[in-house]
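First the structure, which I've put down as structure tokens, then a few questions once you've had a look.
For clarity, chains are labelled A, B, C and D in written order, and residue numbers in each chain start from 1.
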Amino acid sequence: MNPTLDKFLGGKQGAIGLAVLATLILVVFPLALDAFRLNMVGKYLTYAFVAVGLVLCWGYGGILSLGQGVFFGLGGYCMAMFLKLEASDPESTKIQSTPGIPDFMDWNQITELPLLWQPFHSFGFTLLAVIAVPVILALVIGVAMFKRRVGDVYFSIVTQAIALILTVLIIGQQGLTGGVNGITDLKTLMGWDIRDDSSKLILYFINAFLLFGCILIGRFILASKLGRLLMAMRDKEERVRFSGYDVASFKIFVFCVAAAFSAIGGAMFALQVGFMSPSFVGIVPSIEMVIFAAVGGRMSLLGAVYGALLVNYGKTYFSETFPELWLYLMGGLFIAVVMYFPNGIAGLWESHGRKWLGKLKRQSATPAKPVPVATVPAPNSQPRELESTP
Amino acid sequence: MSQPSGFKMPKPVLAIEGLTVSFDGFKAVDDLNLYIDRNEVRVVIGPNGAGKTTVLDLICGKTKATAGSIQFENRELTKMREFDIVRAGVGRKFQNPSIYENLTVFENLEMSYPKGRTVFGALFFKRSAEVIERVEQIAAEIMLTDNLYLQADLLSHGQKQWLEIGMLLMQDPALLMLDEPVAGMSVNERAQTAELLKRISQGRSVLVIEHDMEFVKSIAHKVTVLHQGKVLAEGSMEAVQSNPKVIEVYLGH
Amino acid sequence: MEWLSEFGAIAAMQGFNGLSVFCVLLLMALGLAIIFGQMGVINMAHGEFLTIGAYTTYVVSVLTEQYAAFFGPYYFFLAIVLSFFIAGAIGWLVEWAMISKLYQRPLDTLLATWGLSLVMQQAFRSIFGAREVSATLPEWLMGSWNPTEAIDIPRNGLFVMGLTVLMTGMIFLMLYRSRWGLQVRATVQNRVMSRAVGINTKRVDRMTFALGCGVAGVAGAAFTTIGSTGPTAGSLYIVDTFLVVVFGGASSLLGTIASAFSIAQAQSLMEFFMSGSMAKVFTLSAVILILMLRPQGLFSIKVRK
Amino acid sequence: MDSRPSRFLPRRLALGAAALSLLAASVFSQMALADEANTTGLAVTDTEVTVGQLHSATGTMAISETGSIQAERLAIEQINASGGILGRQIKIIQEDGASDWPTFAEKAKKLLVGDKVAAVFGCWTSASRKAVLPVFEKENGLLYYPTFYEGLEQSKNVIYTGQEATQQILAGLDWIAKEKGAKTFYLIGSDYIWPRTSMKIARKHIENVLGGEVVGEEYYPLGNTQFGSLINKVKLKKPDVVFTAVVGGSNVAFYKQMKAAGVTSAKQTLLTLSVTEDELLGIGGENMEGFYASMKYFQSLDNPNNAAFVEAFKAKFGKDSVIGDVTQAAYLGPWLWKAAVEKAGSFDVDKVAAASPGIELTTAPEGYVKVHDNHHLWSKTRIGEVQKDGQFKVVFESDLIEPNPFPKGYQ
């Protein structure tokens, strides 16, 4: 195999795992789920971007950010600002005192589109901003923290405080941001109605492909020397430093990559869900995203996706069926995963699933069976639970 | 230190002058002067708490000096960042073997290869024939050729020490600093290590901290005795061993 | 002239407010600081241990009203003591079942305790209902004390202040004057060596964690006088608490005190001159900026490694 | 782990196919069922009509929304007991918004598209309403929204059973200006849209209509628990009236600290928009004794409708339960819907919405209400004085006030 391609796919095992997930997301879900449920899966998958980023920076880099919601939110807000401007054309806002500006600005007696919003008329600028704004913030935080060797718990707490600050700011500046309600009622993307079922289906696929893009980039990073350096840094930071590496710059890089992934997720969230609010920026959503990565397996890019799907599905299912039990379950699951299965679903699969699969293979006398069928249960307990979805 | 032009006196590779560091008033290193010549093997000895490891920490930038200067090939190290010091040609082995245990010996050595040290350099680093050749060469040097594809945590304690030395050699440093390289080694391994040090000190200076006097004797060109952060004595092993102040410090209490 | 004396009165009350916020921050942070200092662990469920104290106070208050009205004025002291022991006992259990399994993995402890906080919140909701409750405060804790006509000093503020001084003093004594404190400090310095000289470090950890949780319980009981009691009440305090502890630096109680003091003064002063939201943003940003300049917190001892 | 790999794919496909055929079947069955009471494929049979209930049963908002859930259930039960609507019993599908706005939007869509409910009773915060509004407008659903709110909104798909801001604020300010001779006001709110909009309206009214002066206007983050500095500022400014819209956990901290700082009703007049009987449970009546609240309903209202309502509510949910303004407004929802359906003779959303303006309810616990063309309610505003036991004493009752969600001159 081409070595570069191999790096992206992560060898035979990696390619199979990817194929399984791709089948699940690109074929099985769209066929088996109705538009409404599929849109929900689409929403879960936007969180998976964050989880994938966390695998890189937390699992491999040892940097536990409790403020990934900040980047998710910034990406989402950039996209939402563009969409909101498009939804606020003078015609559909003619009942306002100042037509042509977003409705919440009108309620806040703002009579002119603020400077901050002006560039978001351009889709090109918006796409750039979706990535650039969070990455620049991550860069600033990263430079400030890692160059000064703020590590471990300190970093976690500081990122958490940043999440809080941003939430308070967004809520406080409601003329600019829509406040606690967020930016709502997003309708079209360059004239294309994003609320239709058909457009939601297209968005779902765009989202899925972007997610796979991020996973492949993640794989490429991990397969490179940089990936090995990350792990080396996590375990023996001093050694790496005294081998002549600028440890901080690697941490900053991986933190920025995680921020960029989160931001893409946020932007796709705004597109698919149709609004953005500060409730995805704060501390609680940020930690929940860590849960997705932890449950899926902090060392597994694919596991992170399963984690995001499983936890969110569980959240929807249990909060519908046993609302009382949900928090117990979520908390308990989290404690159990952290304490006993630090490598999450992916770790369980590695330690038990493969063995079991091996046994199965040996039993079946026809080893020539097409590989994907035999490995479909890669996510392990996952498909069984999701079957009740439709 | 002006020198007449034309006549080239060998300038020390490392010149430490007036070096002081204090932790909350306690002076771990106190107005220290130390010069190491090219191709010299220098051993620093001294009782526990004499400040030996701190000196290494100061040279490689792990600890920042309170006062004084450290000149390495005419560059002032006290102002430089750790990885710049390494890139300038200073390698350091830690007291406990510090290797990447879940990587193979090959990968351990490869990590220290002085290319692809920037973020994007590392991202697009390729295992070229040149890299492989260099790794194999070093592996032979440190007697680990047979274990090249073994995971590093399966090595013996002594082999781990060698591996770390090998990782430093990958960088081809002008100054190699080793903190207790034979601690925990068998007699046989000690002898092998001494041979290794002799081989690798060709073309570079080596600064060693060691307690094992036999070992020191077998490798040292010159010995420096530290006591309470100051140089107590300096010279050949024999001269130092017969120095009454040294005897007082080692045996007096 | 009258304007001046009024200004003086406001200045006095504002000064007291700064002190009062300081005490609140310190009292919340004390328990966390002990645990963080000892184990390097941030207990994300700290807020829920505060809430245990608050609910204990509520239950004692209700029971007193129903069965022992004569005890009414004094029930608060009993509530504080009970809060300490109940929160401490639960902390003891948590350390035994969870924390002790996670040493060497501080980030994982942080995550696991967050899971715990979810479970505890839901437990409060199941037991006490989703709505907020209110303990009836004894008369002597309500209202204000007037040294002059124009000055109102909140009695609950004074009470919290007194309690803070008492708790801080007791913790100081325990840490620096008792045998147990010596063991704790020894364990922090060198765990292996402490074990070698016969200190039961496991027990020391467990006691420390329980003590930290117990102190949180006391804080929670005290906060029923100034704040709300509900399943998620603890989470209102949590970020401030973390910042105080982290800002103060892990290694010293003195750092926590200094950090609580500076954050409280900054916040109290800024709130006086600008809107509460912006004051919050500025305070938090200032703390983060300073943390970036001094990553190990205000007071960290330079240690030779 | 025991899921069979070989069965996995086919099973999913089968499920997909089953889902499709079910969908088709349901479309046909609905067509077959259609009569004039239901021409748009809603979940209405000859004996039953399905409605949705969408509140937060979990999460931080559960504290506030529990009362609304209970009140709506009570109303629906009573309607069913009295024969239902157009001869059909009401069936409730309850969904949990879990205090999370996208969940609200999702669940709204599920109720409208999946369950085809004829009406939804739900939401509490403005944020959740804003999140579901596009769904209701796109899928043409009907939402009964119970909370008093900031106004600036009007939708043909929503009936607002609580007061919009001007109804609640103006009468209250007029009363306090007249009764207490108030000229100077200090405005305090939690930092989000409802308090900010309310204070804006209040400021305009104070400055332009009452000829008074606003001496301070402050917003604190939601969840703030330290109000010492603010209270000192209030003391410095000595306003005639402190006018507040503080919510959630902050509420409790604010009033406890006011009391502790000596700012009691003996020294300071205070009028609030945000404290109902529900909040008083947490704050404690003793901490607010003598302060005033301005809203359309208090549990202590003295009329036969209310007496019956309070009795029924307590019989169902326990004698210690309290009823606040929003709870009562939520109770109106099902009754208003019933009246509109009966007037329209159909469950069709368009017809019900069109029939709604002009609907009168004389049996409302708050007294008489009437649906305005703008889908808000005509209602009276009352001033209640906080009593030590956590109830309010009604000290003033306005005339019927016209709802005006887009108040000219107040924006």
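In this text, a contact is a pair of C-beta atoms (placed from the backbone, for glycine too) under 8 Å apart; a residue touches a chain by one contact, two chains touch by 3 or more.
This structure is a prediction, so every number in the text was calculated from the model and none was measured.
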item: Any chain in contact with chain B as well as chain C; value: A
item: Contact-richer chain pair [A-C vs A-B]; value: A-C
item: Chain whose mean Cα position lies farthest from chain C; value: B
item: By mean Cα position, the chain sitting nearest the middle; value: A
item: Chain A and chain D: spacing of chain centres that average the CA atoms, whole Å; value: 34
item: Cα-centroid distance, chain A relative to chain B, in whole angstrom; value: 45
item: Separation of mean Cα positions, chain D and chain B [Å, integer]; value: 74
item: Chain A residues counted as touching two or more neighbouring chains; value: 168, 171-172, 324, 326-327
item: Junction residues of chain B, two or more chains touched; value: none
item: Per-residue overlap in chain C, given as positions that touch at least 2 other chains; value: 125, 275, 277, 280
item: In the complex with chain C, residue positions of chain D that touch it; value: 60, 62-63, 66, 191, 218-221, 223-226, 228-233, 235-236, 249, 251-253, 256-257, 259-264, 278-279, 281-284, 286-287
item: Complex contact set, residues of chain C against chain A; value: 36, 40-42, 98, 101-102, 105-108, 110-112, 114-123, 125-126, 239, 242-243, 246, 275, 277-278, 280-281, 284-285, 287-288, 291-293, 295-296
item: Partner chain A, residues of chain B touching it in the complex; value: 60, 62, 81-83, 86-87, 91-92, 94, 98-103, 107, 110-112, 114, 116-119, 122-125, 167, 171
item: For the chain A and chain D complex, residues of the former touching the latter; value: 28, 31-34, 36, 39-40, 43, 95, 97, 104, 106-109, 168, 171-172, 174, 179-182, 184-185, 187, 195, 273-275, 277, 279, 315-316, 319-320, 323-324, 326-327, 352-353, 356, 360, 373-377, 380-381, 383-384, 387, 390
item: Chain A contact footprint on chain D (complex, rising order); value: 1-3, 5-6, 8-9, 11-13, 15-16, 18-19, 23, 57-58, 95-96, 98, 100-103, 105-106, 109-110, 113-114, 125-127, 130-131, 133-134, 138, 150, 152, 191-193, 196-197, 200, 219, 221-222, 406, 411
